[in-house]
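By letter and in written order, the chains are A, B, C and D; residue numbering begins at 1 in each of them.
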Amino acid sequence: MRIGFIGLGRMGGGMARSLIKAGHEVTVWNRARDKAEGLGREGARIAAGLSELAGCDPVITMVADDAATEALVLGADGLVAVMRPGSTHVAMSTISVALSERLSRAHAQAKQGYVAAPVFGRPESAAAAKLFVVVAAPAREIDKCRPAFDAIGQRTFVVSESPADANLVKLSGNFMIGSVIEALGETVALMHKAGIDPGRYLEIMTNTLFAAPVYKTYGDLIAAEKYQPAGFKAPLGLKDIGLVLAAAGAQRVPMPVASLIRDRLIGLIAQEGEDIDWSAIALIAARNAGL
Amino acid sequence: MRIGFIGLGRMGGGMARSLIKAGHEVTVWNRARDKAEGLGREGARIAAGLSELAGCDPVITMVADDAATEALVLGADGLVAVMRPGSTHVAMSTISVALSERLSRAHAQAKQGYVAAPVFGRPESAAAAKLFVVVAAPAREIDKCRPAFDAIGQRTFVVSESPADANLVKLSGNFMIGSVIEALGETVALMHKAGIDPGRYLEIMTNTLFAAPVYKTYGDLIAAEKYQPAGFKAPLGLKDIGLVLAAAGAQRVPMPVASLIRDRLIGLIAQEGEDIDWSAIALIAARNAGL
Amino acid sequence: MRIGFIGLGRMGGGMARSLIKAGHEVTVWNRARDKAEGLGREGARIAAGLSELAGCDPVITMVADDAATEALVLGADGLVAVMRPGSTHVAMSTISVALSERLSRAHAQAKQGYVAAPVFGRPESAAAAKLFVVVAAPAREIDKCRPAFDAIGQRTFVVSESPADANLVKLSGNFMIGSVIEALGETVALMHKAGIDPGRYLEIMTNTLFAAPVYKTYGDLIAAEKYQPAGFKAPLGLKDIGLVLAAAGAQRVPMPVASLIRDRLIGLIAQEGEDIDWSAIALIAARNAGL
Amino acid sequence: MRIGFIGLGRMGGGMARSLIKAGHEVTVWNRARDKAEGLGREGARIAAGLSELAGCDPVITMVADDAATEALVLGADGLVAVMRPGSTHVAMSTISVALSERLSRAHAQAKQGYVAAPVFGRPESAAAAKLFVVVAAPAREIDKCRPAFDAIGQRTFVVSESPADANLVKLSGNFMIGSVIEALGETVALMHKAGIDPGRYLEIMTNTLFAAPVYKTYGDLIAAEKYQPAGFKAPLGLKDIGLVLAAAGAQRVPMPVASLIRDRLIGLIAQEGEDIDWSAIALIAARNAGL
């Protein structure tokens, strides 16, 4: 496939690379050109502007947030303007339900396809093509893009035909990860103060009822207090939890644990700045315990 | 081994049965005699009183809570009084850190061994000898009791030489299970209101980052809203979360998610009574969302 | 003074009436014309459009929320466009810190004055000219508008020279009111279940340490469970608590009680709809206790 | 009246002094004798042991907590044992509902009267005889003790005929004070970070809707960050909030704000030790905001 790829950050870079490795013809565009040039050396074509992605189908976006996605897609000379009718935009960033719905309407009006396909996984998984892809769109759109998903991830899950549903599932998943980090942070602080080795505690947990990747990944980070360099920065976590709360508020669903995680992340950024992994909310739990 | 076993409830009954099946000579005692008689038909000897357990080593207790354990062990004609010097008491109930420390001291004074060995698993796992056993005690005590643990569980984890440490790990584990239930309850309510099939949502979660038994077990219960008959009743859950909070309070560790779960369980019991599974805090999350 | 007044809802209607009674020449505009006509019979001039407010100074706005204020002030043919240089806009609605900052910049660019002057008080206080006015703006702007504040309120407080500061103080005050309602709701539920007369309880509280208007007003509503007709509807409360959380998030200040109140309000609206007083979060507290 | 008075701490000392000033014949007993001697110089008789209080009626207790009260009243040679039939014990300490019920039963069995009469007010109010007394007991018992209440407090409130009801009202009141401190802590942190003078903010609040003593007292402490010397130490606050939560748990009433305050107090003690005023939970709010 001739695939357009926009957004070569820590996640997007690995994903684009996986597409190239899988044999796709990939044209990349990135705001900061140096990252595009890196991909160029690995076989990507480098677009000088969005209009050069006009011949690609699908065009994948993987950028930081709602604002970046909105500018890129709905702005003057944005994707809606430059993409050909019949071609498909696959939005893989973690964006809000509300924006996903707007993108859906805008592309439909321009006779373009729109697929929401956010992913689970940290940069290491992106580099190893081990992401989980969560997709929602009409079946024919998904079928068309499946080779791209296969190249990027270890497994693809279809939620429904309504693109924004995939975004809600993804955001909820990030909330659930946040809840794991918070629970680990609270119990690890307790083990510390009780004089029990946190590593031993986590070993027991992750070999019994909590034998899931998320407990191993974050348990290790928390036991080692290794919060830098950040795999997923606190402000991004705060953004996502904020999007969960916004979606839940719109649906009139109280989510007290999400509220609690939001408060933790705000406190974390206030105390430690923006360049720290979001799992460092465990550090705040530790500090609040006087550690 | 000649094993004494006290407490033949939903958990204890299965555990005693596993010991019999593994070829141990098991003498059982239960407050309500009818349950003991059931085990009698499967090969257990039935003690008429605690004093008839004097010849057993170890003696295992698996009763409801701190009060029952305290009466059984420290009361007049209790285990401390009737057990022989050199024999060992294995407390497998989920009891408080503070009581475990008291039992430890009382047995030491009576020249008896004391092992804390709480388990993870619901009644189905007890029946299938698939429990996880979390043990803390001096090594020689653990070695002595290991055949019993092997008969009851699928795996045994040693925490430390201080018995109460095992109780704290167990309680923390129950807190972590509670945090999973709460997070699932919040997100499943959100999916419901957003019109996304909760089963589909849970399938995605439990096949990706949350591929752990606890998510599957509780996810199924919550998606099916199957809260009765209760595998683990809400008042027991409340008791355990209360013990976590007591231990954390004593160690000066704030645990806001534990506090939140406690409030949920209190609300659940207030609204639905005492005969409901503790996972029904998800029902409260749903109700608070107007479902 | 020749005062323009926009927004004749339950609060604005009383405020405009107070200005007329104090002898000011008041020109009113309201989206729904019937309310303007009511004021017309009491002596107000009725503007057919915003441009007819051009000769007024100051122009006061008291509309529902950020969206309404933004459209009114910054929209095509909005206040910034129609007001004369040197005249002053007094924004008395409870709006966000961020919008207040934008209004400040827009008016400055148009050489117009801008005063943020949100008020404390429910509709009864507005009708009785007993509001508290919280003002921030350069001193000369405040001096110019003081006769209007004197007519509307029982007392005016100056925060600082930066208009948005008044908005933050007002929002924080609404948060504090929310925290009072929540605390009352929790304790009144406790009294109910313990068989203690809530009225007696509240009498003790409001005659001792809590002898403040807010406890009397809301204590009475909660004890009587009189949540309709709404003096301040739950969605408006949710809007305000949301604005507090947005401002606090921007300043990196965790506010767990505000988060909790937000969740309560969402639950309230989910269960009872939008036409209920925000103090009915006490009803949710009662329900969660099984009442 | 011949009044026995036990417990001459910061609160009790002032109360006993008020009784002496009002002309009562006061016999004091205190575990640490030096404090009793201080009162002796002001006219009190000093008892060498509890048995010397046998001729007093009523006997007032004002000691630290449940444990101290229980030992004093129910212990061997405690008040129940030494007081004469027909005489009355007035328990003014802030104790648990459960203990108050036990004291009630024990005194009834010994044909003694029992009045629960906890007070609102900090040491300054005790010294100035400005406490508020919250009483519950059968009317004739209250009538008998009223002169003592009049000497100690500025006003007495009768809750009901069931002594423990007064304890629940008192505990709930302390919870409400805690909720005020927490709300002030959160908003003062917000003002600080937004560059608004907290003193100005508090002045506005306490002159409008929050014109109650509790807001002035604690607002001043928080704005000045004056948490030492402690008027009411954090561990005592934690004890009281714990008793509220215990009573609410027994009644099946979730109290999320009380849970939150408990977590704050635990964190405060973990970070700052035990010799700090409980209002310093505002310090934790500030720290969590990076201040």
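Please note the rule applied: a residue touches a chain if its C-beta (ideal position, glycine included) is under 8 Å from a C-beta of that chain, and two chains touch if they have at least 3 such contacts.
In this text the structure is predicted, and so the values were computed from the model without any measurement.
Name the chain whose C-alpha centroid is farthest from the C-alpha centroid of chain C.
Computed centres place B farthest from chain C.
Note whether the interface between chain C and chain D is symmetric in residue numbering, meaning over half of all numbers used appear on both sides, and answer same or different.
Homomeric contact, same residues on both sides for the most part.
How far is the middle of chain B from the middle of chain D, if each middle is the mean of its Cα atoms, in Å?
Going by mean C-alpha positions, chain B sits 39 Å from chain D.
Rounded to the nearest whole Å, what is the centre-to-centre distance of chain A and chain B, using the mean of the C-alpha atoms as each centre?
38
Among the residues of chain A, which ones contact at least 2 other chains?
Residues 248, 252-256, 260, 263, 267, 270, 288-290 of chain A each touch two or more of the other chains.
Tell me, which parts of chain D touch chain C in their complex?
97, 120, 132, 134, 155, 157, 159-160, 165, 168-169, 172-173, 175-177, 179-180, 182-184, 186-187, 189-191, 193-197, 200-201, 203-205, 207-215, 247-248, 251-258, 260, 285, 288-290
Can you name the residues of chain C that touch chain A in the complex?
Chain C residues touching chain A: 238, 242, 248-249, 252-256, 259-260, 262-264, 266-267, 269-270.
Can you list the chain A residues touching chain D in their complex?
Residues 256, 263, 267, 270-271, 284, 287-290.
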